[in-house]
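In what follows, subunit A forms one complex with subunit B and a second complex with subunit C.
Let's look at the complex of A and B:
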């Protein structure tokens, strides 16, 4: 079988998810052995510019230039993988959508703000069709490898549609709510093996919400633990603001 | 009570016994995780063990049916070839309460049904079980008496009961007998010890009583008339579908089987993982149809799988009264409360019929 030609692209993001590929460890040889990376700005100077089998896209879409660029990539690539929270759900860049866009531009660019057009932050699938999603901030390497295997086999990858609590419980962690700490695990999609909670941190909701969250029930739980609604909304919007754009 | 089957272990010898036991093979026992949470973990000395503990986060099923278990290794280059795999590890479990022993008994029945599950049965045969009696309730969430699991009824190799200065130990199997012989920590029990045990059991029978206001034998009937009860609808708004209740349940055994290839797409494994009827995708089938889409239907299913369906199939409840589902539920859905509400609603219905 011919190795698929892969391009790795970045939009608005910290590029940390690309760095995760270097963090794979020993398996990086297997991963790079199964694909042919032809463009990857972070690690190589060559540009490809031709058609691709797979485009791995990191980052969210935040200005008209990025919209055009992602549309071009989509046209050239048979398969598009949204890679990391910024790409899959908008991520922390979505916090921009809390403010008036002109105010934001003035704040960042001062008087020359007119030269820097901007748009509401969007996830990649809110602009072009996305075939595979690798959630997380940063991505969870075993899940990236699982997605890559699915792509190579030509089968779909289903992001778990149940909360992080499932995996957290299987790891026998003491529930954060028992420790009197607020955690977004109950409404956030699993697939990360409760990575943060395993390491005594809380879940920040970086993988996006489950498809059918029980909002009424979640409110009751917040009331039970005396957690104010706006606190949890703020926590939620840190990663999930872009969900409001549909 | 046959005297010969009993030995005693003095408290000052417990630590010796535990360290000797841990040298024979892997030993797991309840360990404190803080915040009144406990877990069965590997130990090598008595000081690590929490002898007084409420049911652990996960039940013993994590040893009997691991969360991820390889069943098959296969090759698909140049024709297909598959090798079955059985993963097991000899171990001793110390300190299992009667609710958890009942849980293992339920799993044994399920996996012994034809076609037999040899992966499970092989593993089970390598596990030595040492029980520990609850002299009183662990907390208000337990309902072990309702399901007849508050007193020991087999399913162990050795069974410890705390009688103050010493443990009286019931030797139930040859494996148990061998442990007594090799550890050399035990002494013979005499009639005074047996009397003490009887006295404790008498006291216990006053402490433990039906936690829900229904006689055990009427439970199946209650469920027969409750399929359309309002109680389930009320759970629709509360349940978060996090699957905690089934993951921590000692008798929930549903699993999913998946194939995974290596990156070279030439070799792979077939493995099984725990699954839960409470999760959104569990009953989703081809065409996008979900035959238990409502959370209320999923919760109802869970209760029927504990109190109604297994009665026909295995002649016992598949609830062991450990209370884990209640303790772990974020939304505070309580097993005892749900049963009490079902009883109340059915009474209303019966009364209305007569009025």
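Let's look at the complex of A and C:
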């Protein structure tokens, strides 16, 4: 089988999800052995510019230049993988959408804000068609490998649509609500093996919301622990603000 | 040669974190333009922090940079604890120092092997090295993985640590975890020796420009990374609370990062700055390595920042071993584990405050500053990252370097300039989150 030509591209993000690839260690050579990475600006000076079999896209789309660039990548690539929360759901960059854009530009850059154009933060699929989603901030490497295998076999990958609680319970963690703090596990898509709660912190919702959350159940939990709704909404908006853009 | 025109335009400099362009124009043998443009899409972190709980600041600002996520975490926590008036326990400080060492090691190894070595070995990236220098690439990935695995144990993961929070740690390593970390660190010594051997053979370009170097300084024997005052090779010393007098940021229209100056037109931060200010406090083994690679203070060749990173890697490895051994001997207090969330239970007293964090991260001194209201909600935020402090200095370096190498071919000049910028290990993904701007017309 001819190895697929792969390009790795970044938009507005911290580039931590790309780094997760290097963090695989020596085994990354096996991953890289099954594909032909032809463009990856962060670690390669080589430039490709031709058609691609797979484009792995990190980051969210936040300005007109980025819109054009992602459209070009979509045209060149047979398969587009949105990689990491910024790409799949807009991620933390979406918090910007809570503010008037001119106001936030002036707050950060003062009088010279005009030099720094910005638009409402969008996830990649809100601009172009996306074929595969790898959620997470950062991505969970076992899931990335699973997605990559699916891509190479030409079969779909379904992101789990049940909540993080399912995995969390299997790991026998004490529920964060029982530890008297608010956790977004009940409404967040699983697939990370409850990474944060395993480490005794709360779920921040970085993998996006389940498509059919048990709203009644969630309300009961909030009522039981006397947690105000606006607190939970504010939490959801840390990663999931862009969902409002449809 | 006198009347030469050169027009170099490197769009999207590769093998750096984030997006930057280099623009150099020589008209009739005279340098006309020389710029490092930061073209990263601005992400407005400081703006977005307003209205969020101080207990979320660490989680959010870690996302400024995936490479220095632990560094941002530590600076953020320090600023938040300063604002809230919390003094961390001795154990917490030890664990944070260990975390910072692991981040320093991880980042320096990535930079030395994957980003810089290809230039010195005459290839475009580490990819051709997989065939030509397979053992070297494997060693680099192995060392990186070890740092990563240790961070998994200590804070859940390296990219966006989970358990390091305001007030301490949500989860502490068990005795078997400490044993595992100690084993990994000790096994890393072999690879570190091989790294030193390799680096001693690399030939760095010869170029010098005297400048002011800025880093944390202290009065005790410790090589200051996590805690200290701000000091400079021009004799400046001040409290971290006065960081704005030091960074003196101003905006230039072509760049989404602000520039900074102190006693001169520009200053430099990073491994070389730390070495120049604090080399006598390095671990003896790191001092040996400095001697072996011919590095001594005050070194004013910016290309040797990579050599200083090597020296620091040895220091961080050895000091990390001492910290873990110490933790093993004194045994951890597990009653210090805390779950805080958004402080729903008011476990931590909250007050209105203004706090500063100043931490040495791989690329240099990093400042976080938060103001909070009486409910612990952030009203103002400011993050000054190392790369924005270095940008002006890089440009002054380029201005001196270009006229010195005008007799070389365009390609060679471009490579020399790219390597210069890369040697600072710029992290451009970070360099977009700036405020309190004074606009200066260029």
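Here is the rule we go by: the second predicted complex is superposed on the first by the 244 of 246 C-alpha atoms of A that agree within 3 Å, B and C clash if a C-alpha of one lies under 4 Å from a C-alpha of the other, contacts with A are read in each partner's own complex, and residues count from 1 in each chain.
Keep this in mind: a residue touches a chain if its C-beta (ideal position, glycine included) is under 8 Å from a C-beta of that chain, and two chains touch if they have at least 3 such contacts.
In this text, all values refer to a predicted model and were calculated from it rather than measured experimentally.
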**OP:** Evaluate whether subunit B and subunit C can sit on subunit A together after superposition, giving fit or clash.
**Re:** fit
Original post:
Counting only touches as set out at the top, which of subunit B and subunit C does A:67 meet: first, second, both, neither?
Top reply: neither
Original post:
Among the partners subunit B and subunit C, which is in contact with a greater number of residues of subunit A?
Top reply: C
**OP:** After the superposition, just quote the angle formed at subunit A by subunit B and subunit C, using C-alpha centres and rounding to the nearest 10°.
**Re:** 110
Subject >> First, second, both or neither for A:217, with subunit B first and subunit C second >> reply: first
Original post:
Which partner does A:209 reach: the first (subunit B), the second (subunit C), both, or neither?
Top reply: neither
Original post:
Regarding the shared-chain residue A:13, is it in contact with subunit B (first), subunit C (second), both, or neither?
Top reply: second
Subject >> subunit B versus subunit C as contact partner of A:93, first or second or both or neither >> reply: second
Original post:
Touching A:23, do we find subunit B (first), subunit C (second), both, or neither?
Top reply: second
**OP:** Identify the partner contact of A:179: answer first if only subunit B is touched, second if only subunit C is, both if each is, neither if none is.
**Re:** both
**OP:** Quote the smallest CA-to-CA distance from subunit B to subunit C in the superposed model, rounded to whole Å.
**Re:** 13
Subject >> Overlapping contact positions on subunit A, where the subunit C interface meets the subunit B interface >> reply: 179
**OP:** Using the touch rule from the top, collect the residues of subunit A that touch subunit C in their complex.
**Re:** 11-20, 22-26, 28-29, 32, 37, 40-46, 62-63, 65-66, 91-93, 95-96, 98-99, 103-105, 107-112, 115-116, 118, 137-138, 176, 179-183, 195-196, 198-202, 204, 227, 231, 234-235, 238
Subject >> Sites on subunit C touched by subunit A in the complex >> reply: 12, 14-18, 40-44, 46-48, 50-52, 56, 59-60, 63-67, 69, 110, 114-115, 118, 124-127, 130, 137-138, 141-142, 144-145, 148, 155-160, 162-163, 165, 170-171, 251, 253-254, 256, 337, 339-342, 344-345, 429, 433-439
Subject >> In the complex, subunit A residues that touch subunit B >> reply: 1, 27, 30-31, 33-34, 145-146, 148-149, 152-153, 158, 160-163, 165-166, 169-170, 172-175, 177-179, 186-187, 210-214, 216-218, 220-221, 224
**OP:** State the interface residues of subunit B toward subunit A in the complex, per the touch definition above.
**Re:** 33-37, 39, 56-58, 62, 67, 237-244, 247-248, 260-265, 274, 276, 279-281, 295, 328, 330-332
